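Order as written gives the chain letters A, B, C and D; numbering starts at 1 within each chain.
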Amino acid sequence: MSVRLLAAATAEQGMLVDTTVRFIEDTLPLTGVRALAESTEPVGAAYIADAASLGWFGMLVDERHGGGSASGIGLVDAAAVAAERGATLQPGPFVGTNVVAHALSVAASPTGDLVSAGQMSAGPVSADTVSGEAGPHTDLLARLVAGQAVATWVAGAVGGLTPGAGEVTIRSATDAPGGGSALDGYVLDGEVRHVPDALGCDVLLVTGNGTDGLTQVIVDTTAPGVEIRALSGLDITRRTCSVRLSGVHVPAGALVGTPGTATEDLFARQTQVAAVLAAAESVGAMHRDFELAVEYARARIAFGRPIGSFQAIKHLLADTSLSLEMAKGLVTAAAEALGGGAPDGAELAHAAKAFVAEHGITLTHACFQVFGGIGYTWEHDHHLFMRRLAADAVTYGCAQWHRARLAERIGGVG
Amino acid sequence: MGDTAVKGTGQTEVPAEASTETLETSETLTLDEYRARARVWIRENLRPVPAAGPAPVGMRTTETPPEVIAAGRALQRKLFDAGYAGITWPREYGGQGLGGEYERAFLEEARGYQMPNLGIAGGTTFGVCAMTMLAHASPDFLRRHIPRILTAEELFVQFFSEPEAGSDLAGVRSRAVREGGRWILNGAKIWSSGAYYADWGMCLARTDWDVPKHRGLTWFAVPIGAKGVTVRRIRQITGDAEFCEEFFDNVELTDDDVIGDVNDGWTVAQTMLMFERGGGLSHGGPVRKVPQGIAPDLVELARSVGRIDDPQARDLIVRAHVDDVARRALMARLGGLMRAEPGRAAHLASYAKLASGVHDPVRANLAMAIGGPDAVAWEENDEAAGRTAIGFLNSRFMSIAGGTNEVQRNGIGERVLGLPREPSFDSGKPFREVLRDARNWSGRAG
Amino acid sequence: MSVRLLAAATAEQGMLVDTTVRFIEDTLPLTGVRALAESTEPVGAAYIADAASLGWFGMLVDERHGGGSASGIGLVDAAAVAAERGATLQPGPFVGTNVVAHALSVAASPTGDLVSAGQMSAGPVSADTVSGEAGPHTDLLARLVAGQAVATWVAGAVGGLTPGAGEVTIRSATDAPGGGSALDGYVLDGEVRHVPDALGCDVLLVTGNGTDGLTQVIVDTTAPGVEIRALSGLDITRRTCSVRLSGVHVPAGALVGTPGTATEDLFARQTQVAAVLAAAESVGAMHRDFELAVEYARARIAFGRPIGSFQAIKHLLADTSLSLEMAKGLVTAAAEALGGGAPDGAELAHAAKAFVAEHGITLTHACFQVFGGIGYTWEHDHHLFMRRLAADAVTYGCAQWHRARLAERIGGVG
Amino acid sequence: MGDTAVKGTGQTEVPAEASTETLETSETLTLDEYRARARVWIRENLRPVPAAGPAPVGMRTTETPPEVIAAGRALQRKLFDAGYAGITWPREYGGQGLGGEYERAFLEEARGYQMPNLGIAGGTTFGVCAMTMLAHASPDFLRRHIPRILTAEELFVQFFSEPEAGSDLAGVRSRAVREGGRWILNGAKIWSSGAYYADWGMCLARTDWDVPKHRGLTWFAVPIGAKGVTVRRIRQITGDAEFCEEFFDNVELTDDDVIGDVNDGWTVAQTMLMFERGGGLSHGGPVRKVPQGIAPDLVELARSVGRIDDPQARDLIVRAHVDDVARRALMARLGGLMRAEPGRAAHLASYAKLASGVHDPVRANLAMAIGGPDAVAWEENDEAAGRTAIGFLNSRFMSIAGGTNEVQRNGIGERVLGLPREPSFDSGKPFREVLRDARNWSGRAG
């Protein structure tokens, strides 16, 4: 039942995937996801804590910040977990929490430029080398890794990532009405829609426009002025939210990294990491929807034959299988390259998301055609995958956005 | 899914009828006199159609509320009493026996006025079931049922597809066994649109298992309220529950309920499929070509998500538009070809069906790409914003219902292009052997 | 063997198509086209004259200018002829001559605005109503209609129609080096590539940039400074040329219409008429390539069956047939609307060319797949159609250009 | 087309060999010593590869000029004499009998140096025919032919496909009849790449018509210069004529010419197909992943037609690039899966083939769209400008040659996904009945 995203998993990666599959089967299989979807509850704290104990939230975090991964490249492991999650349509901000934790870990390193440097979980802790003190978000990072806190990323329309979603303004508190000293930190205003799974999160990483350029801060969801509202959505297994920030004050220590160019670089890396993980979740959903269609084609009889013996069905599934294998290969390659610091990491990450966004839609249509009428029923699981894949296609950047990032790189290398 | 097919809501196809009282009068009227008279009656008795919002992207099978159906039945009765029900239907069964030009005149005058809304079952009753009955049922049967159909006392749905017989329509396994002068029906049907509020089902059952599958089938009229009939509404992926599933547990029927000849059900089914797939196309005039501007629904969508000036969104809109006009042009071309060669009409109709089956999903995907994040999540209760997503979920309706794309492609390949036949594994042996052999499929043949 | 572009042809249209089919079969069937392709000869004068006698070059010309058509709408008839030509890959500037003749006829009408007005072959002659004299191009028009002269349109990159093709500058002779009076007319300079069939033409309609805006003039190919060179090309059944104009003098009477806005409108109409006729030729080529593939699928045996009995082949051909029928319908609809003065004529013309350009390529690929290896042989006719369809796809505006014209109309009607 | 397939030019796959003279020496050398010695020899005897221009869009089967082939034969002889031919091949047939690591060492050292160019037939000889012979031919046969192959005195091509047997490779109709101790061959073959300059054809013929089609086949070595053999070059749509067609008119062969067992030709064919389809993939290490930037050939094309700044052209380039990296990633994934499960390698290889068959045409169409008018017509003799068009004409090569897309899809469907089999109409009866029944096809089956 595993997606088997990695063609050549190490023994450690195999174990990570096995425990992940078993954990999901035991705690939140698809029947449970369905029940959760029809209720209004977010996923429980116990689920998060147990998942954290499997290592779900520390794979993109430096070891000195409490992170660690099964193989040398945390992003590959995280992608493998994401794929299994996608196959069972797991809810909750797995991508969000990992992106936030990764951003905090990178920003806490002295150079902050792991973006172009090397391995995803390498690099010294800022506490040791910069000031001798613990970094500003050390405690939060530890809580995220341990599953004691969940986070999501409020990016909105920054850089066109989520068109029409709105953006946040981050002013220095001194400039805000009422004034104050620089120590007072920042004031945030704005409404951003299409934030994945914000409901139930403890903290938000908010990207916004500040006086010194692009700025990122950590916001506690319990802070006054934070209002989170669930939207209606096509994907009923995951809650997209609207986040309104009305004069939200955060302390100076809430800042993540240095505003301006450095944050732009970090922002770019966040989009790439999110792209790989979101694509991996999609590939998992593609895998399972496809698997169900193949099973159906084997069993369903029409015109005196199993329908899978008809070339119309057989060839449709073969073509779909090809694009699924390509998607798996590309997501793996992107995770390896981006996570391993290869020069083409960013390029592959954008390509992976662009490929998966489009082929996920094509795949779910193909599966629907194989299911025929039964696919129209609420009881059949197909529509849950169809909904998820369509929603995934625009989350963390649609195909067009990621292709535009690649177009910017034409003529360069990597 | 086979049972609702290409009919849309069915609404516009409900033929308006004239009742017996005015029969003599109507017959002596010239077309112009008839039209003038109808106009007066319509203005006095019907209400104008309320202005509609923009059409949703894709097809939506919305449920019709019970009170609307009740009002629809009353209004149909009113039409009947006034002599405007069954205008072209035989007088002996409650129709007016007039020519098609009278019906067209009435419909033209009624344009813009609200006609009876009998929901999706209304379309099936008037456009498919009654038409098929008129072609095949006994005079006794017709005398019993057609007048009650014309007064909307009897709404019929199709009991045709089965859980194990979808595309393979002739593969039905519901069985009717003759016992002591009665027929005992057992089995299950599915995709019967609107059965939950209809009165009768027109049901195909196997009555002989020892002949090839297209033989040994018989149609029955089944009262939906009869003992042993259970109707379950099917919740669809859109959340609607327009379709139903029925279970028959020793339902007792009589010879009076048989439609057409016993074991000749497939002949009847062919007629039904012709009506269901819009075989009427060939009888109409040229399809009216109304310039509609460029994909107005998608332009509206792009405006609502703030992308109307985005060149890539505009290109997607144009791509949809090019396919839109090509599909409209295809319909016009098919109309011309069908008029030129009526014998090929049924085969050519596959093009219309396949065009929808192929292009509806493409268009829905384009709409999703234009809509972007706003098409995927929206403010609670903002129904308009959710339309693109509903259209996406529904977009394969035409590629599956009423004959899948694959069935249409086979039809075009073999009956239009003259390509060699698909090997058949179910037409030359008793149906019970077909089922056994399919289960033991090995791929070995000739 | 007829393409039967028109689903509901009148008796007159049927006769026009029949005589056209017979004429081609008798004078230049595909075997002859092949022979011509391997030589360097243009199509003979006798062919042109005979074709003219069938009415090929007068259908878009007002009756008072010697034109006339089988039905009320000349463009529909011309499209039907074009489709038969395409099916047999006829060479020579049929589209060019008709567009030039049409432009001359429209420009010679008093208002010159048939563009938005009505029937394609209606409207009075300028000679009668404007000056009482014969129009400037009356004689040329008569020769074109009679097949005594052949013409093509040198549009180049004007309006982006043929990207990279170059443009022509048209200066008043008074401004030209050496000066002169206004009566001296104009001087043309520039090189334009991708001119269909210019070799063998008697006159060119040149669109270029003038002092008063977009300007069109008639240029004799024998005039000093005109140099026409055949290019190498994918389509070997038709010669694309480069036309170099080096200080070419033309008299004032060479002007077609009024420079500026009026010429822009006429230019737009020319692109639309060319789009419909070129699309009609393509549809003919599509029809025949497809017909050959269907014949092959019926006859070819593999794995103990005719290959057309396999769903893989059967369904491919069915889908291809659908797009071919859509293409035929759309070209017909465009010819009817544009030729009949309907408000959506321009829109349908652009849509038809965009649709046919893309589906022509798809169709020829599908046919190739059916032919398999035999399609790779020079002897088989398939590649001639493949070459033609790929070349047609960019002639008189590629799909993208025509879609861009539609995009400009978004929000409007027709 | 089946006969050249996935091998590209075959060039890089020509195993370099070591001759008998140096055998003893080589065997006693360590790998490092062998490498050092090879390096010296290579620098002294081979010429560096001239700098190449950018690769053309799509695959082109260019003809190799006769003088190049002649030089290639001479150079191959030189390698043989120096002991660098057949490095891994058995010593008894003229090879060096060394391990694969020696061959890799030699090839690594030879990188950047010009190896023998024997054209497309060279690839077939060394990569397909000889490998198949080594697996199936008799020792006598091997002793006669392999040494002469290693010296390039005998270039072999495949005589496999026939005009009436393309995708259906086992459907060959060429016949060899045993008469008075000889075999008499009649029939025709097609798509034999480079046969016009090769010396021998490895030919599949039917030797028994009364058994099912996969039985009753036998392979023969046919001297191309033999009496009754006619070779005709096939002019391709690109104008090239690399492929040939052969006609056999009572060609006399002997038992010595038989390769493998009589009537067991299909077993031999399976081995051959494995080599032809790149079955070696599973033995190699991970596919080397070299970041190449974004579709350099298309970027170059867009520059040359002045569209490098056109957003729509850039989007087309990116679309091609996304598929490019997905295909590269697929190859890496397949490599991993094959190493994990070598038993599935042959089936998984279908993905690689299908990926090319599906995406090559897409990419060629993108290139044409980027190139626009300049890709369709160009200045006489500007060969670079014509490359896009040639790539377009050639773009279906992989979708047809060496097993069509349809054949690959069947393979993936049945052997990877486990879908039920295609019904078979040619595997259970004598081949002569298959042909008769196919001609009388009615579609009737079980």
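FYI, a residue touches a chain if its C-beta (ideal position, glycine included) is under 8 Å from a C-beta of that chain, and two chains touch if they have at least 3 such contacts.
The shown structure was predicted, so the numbers you read here are calculated from the model rather than taken from an experiment.
Looking across A-B, C-D or B-C, the interface that copies A-D in more than half of its residue contact pairs is found at B-C.
Taking the mean Cα position of each chain as its centre, D sits at the greatest distance from subunit B.
With centres taken as mean Cα positions, subunit C sits 53 Å from subunit A. Chain centres here are Cα averages; for subunit B and subunit C they lie 44 Å apart. In subunit A, 304-306, 309-313, 315 are the positions where the chain touches two or more neighbouring chains simultaneously. Listed for subunit D are residues 311, 406, 409, 420-425, 437, 441, 443, 446, each touching two or more other chains.
Residues 1, 161, 164-168, 171, 190-191, 234-237, 239, 243, 305-307, 312, 361, 365, 368-369, 372-382, 386, 389, 392-393, 396-397, 399-401, 404-406, 409, 424-426, 434-435, 437-439, 441, 443 of subunit D are the ones touching subunit C in the complex. Within the complex, the subunit B residues that touch subunit D are 311, 420-425, 427-429, 437, 441-446.
Residues 289, 291, 293-294, 299, 308, 311, 314-315, 317-319, 321-323, 325-337, 339-340, 351, 354-355, 358, 406, 408-410, 412-414, 416-423, 446 of subunit D are the ones touching subunit A in the complex. By the touch rule above, subunit A contacts subunit D in their complex via residues 6-8, 294, 297-298, 304-306, 308-309, 311, 313-315, 317-319, 321-322, 325-330, 332-334, 342-344, 347-348, 351, 354-355, 403-404, 406-407, 409-414. Residue ranges on subunit A touching subunit B, taken from their complex, read 162-165, 193-194, 230-235, 240, 242, 301-306, 309-310, 312-313, 361, 365, 368-369, 372-373, 375-379, 382-383, 386-387, 390-391, 393-395, 398, 400.
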